[in-house]
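These are the structures, in structure tokens.
Common to both upcoming complexes is chain A, partnered first by chain B, then by chain C.
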Partner chain A sequence: MPIVAIGSEGNVTMPTNSSALINTWSASISRATSVITGFGDTGARRLASKVVDITGSASGTPQYDVSAGSAVDGIIGNQAAGSITLTWVASPACTLEFDCIMSSVALSTSMGGEAAVTFNFECADENAPVFTWEETD
Partner chain B sequence: MSVDLMKAVYARLTADTGGGTNPLRTSVSDRIYALEAPARSAFPLVLYTMDPPDVDHFFGGKSRQTATFTVTIFGKVDTGPDVMVDIEKQVADLLDQQSLAVDNHDRGFVRVLSRGTPETDGEVFRVDASFEIVATSTS
Partner chain C sequence: MGTEYSHGSDGHCKLPTGFNARLNTWSANLTRSTTVTTGFGASVQDRRASKVIDCTGSAGGFPLYGDGSGSTSENSISPINHSGTTFDDRAGGTIILFFLDVDNDAADADANVDLSITFDAVFNSFDFGVTQDGESTVTFNFEMNDPDGISTTWDETA
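Our next item is the complex of A and B:
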């Protein structure tokens, strides 16, 4: 029986040293396409690249006083790629895992009682993303 | 969850800040109660009530509770408004911008939302001050 995913079943495993409690993520998978329409065609032909790119973000609240480091360790002085796993449902597993780098980290805090962090990440290497999706009926 | 928050507020209102007591406890002779006071209590006294917390969920099961609570000071009219204001300040001094120990949570951070002013309520003065406590569960 098909089961409808509920957002609160999700999760995200961030690369090392991205210390935050996270409650939302988003990602976009894209690839280049080329128009190869020829003379005489009456519709547009396109060819899709095999190379996919992923960009996305994860947001939540920074944590401190933890051994994992700070919320900016992923971007300050750190060029290394790290594995990120975006989870729709933990069990049965519906996940997307790939290597990423942090392109930006947005931080904010206010006397109104809000502290927030947003990590923006991008696909980092030639390895194909690993997409796991429960398909047993 | 809200019980942990209410216990933390009570613990702070009755905390020992020196000499086995605190200025608020001294002013109200330890008459600090949750929800309602015992019958025929003397005045002045302090009551506090808490609204149901709003809950923000994080991935992995932790959640952040944000609750508004109101501290009300009751006193006889002949107590005079100055004394009531002084007691309200003692409440604010105890709670505002304080980080409280809360069972099963990282801590409970309190900030004042509105300072109270004396008003008459039948034959007594009352002062209502409201606060917000924010606490994130540890599991």
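Our next item is the complex of A and C:
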């Protein structure tokens, strides 16, 4: 029987300088579609683009290192694109890997509450995303 | 036997090959474009409806994966149709939305007793969400791609 994925099996590997203790991610994989309905049709006819786009976000808690020369990555992100891997299940692997840029980083801290960071990413990859899914059950 | 009433737990949804999940919800919107044809002298709006019907909607649930122990074929569990590591979902396929799936198998062979609508569609997006202390979810968003319109199976013999 196939296994239902649950949230605690997930993970995210972020690009360089986009670091936090991540506990949630979401992503939308989309294709543009064009309506090509013609005379005589009684239902809508569409064509899907071959170009896939991916946007999404990953959120969690900022982390730091008290020692000088911190080994902990930054949280501001880079202008250049970097690789991100979204993981549904680490083992056996169900993942999606692609290059992305960080369009925005949302930071918040509330006295008596949480410090949080949300990375909003957008696909920046001329190659197809690498999709891995465990299907042998 | 008389009129029966449909309940959400009687529903089902069949997606094209390569689009899989443990689904628990679907929604769809059937539309026709309309044109206002009101003329001088009228005291109320008049309209005509297009013969072209459109359908957009979504189906949601939980992603599935294998435990690595068997030899299930590619695209039998994955949420997105693929060839190896590359998405191959562009063509979409046939969707059946069930209000009532008598034997709960999402099979269209017994459509004479099920209540369903069938049409071909492309997928314009897939939404995923994973939360460490919660669920892993997937939503399939589809748009009709069927010049023949929608096929409806509905038992109306009260």
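The rule is short, and it goes like this: the second predicted complex is superposed on the first by the 125 of 137 C-alpha atoms of A that agree within 3 Å, B and C clash if a C-alpha of one lies under 4 Å from a C-alpha of the other, contacts with A are read in each partner's own complex, and residues count from 1 in each chain.
In this text, a contact is a pair of C-beta atoms (placed from the backbone, for glycine too) under 8 Å apart; a residue touches a chain by one contact, two chains touch by 3 or more.
No experiment lies behind these values; they were computed from the predicted model shown.
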Superpose on chain A as described above, then tell me if chain B and chain C fit or clash. fit
Contacts for A:A80 in the overlay, against chain B (first) and chain C (second): which applies, first, second, both or neither? neither
Contacts of A:R46 with chain B and chain C, given as first, second, both or neither: second
Based on the superposed arrangement, let me know which partner A:A27 touches: chain B (first), chain C (second), both, or neither? second
Per the contact definition in the header, classify A:T132: touching chain B only (first), chain C only (second), both, or neither. second
After the superposition on A, what does A:P92 contact: first (chain B), second (chain C), both or neither? second
Touching A:G10 in the superposition: chain B (first), chain C (second), both, neither? both
Looking at the overlay, what does A:G113 touch: chain B (first), chain C (second), both, or neither? first
Comparing chain B against chain C, which has contacts with more of the residues in chain A? C
Smallest separation in Å between any Cα of chain B and any Cα of chain C in the superposed model? 6
Quick check on the output: what are the common chain A residues between the chain B footprint and the chain C footprint? 8, 10, 23, 87
Of all residues in chain A, those that touch chain C in their complex: 2-10, 23-33, 37-38, 40-50, 52, 56, 86-89, 92, 94, 128-137
Show me the residue ranges of chain B that touch chain A in the complex, using the header's touch definition. 56-60, 62, 64, 66, 111, 132, 134, 136
So in the complex, which bits of chain A are touching chain B? 8, 10-12, 21-23, 60-61, 87, 113
Residue positions on chain C within touch of chain A in the complex are 20, 22, 51-55, 62-80, 82, 85-87, 89-92, 119, 121-136, 143-150
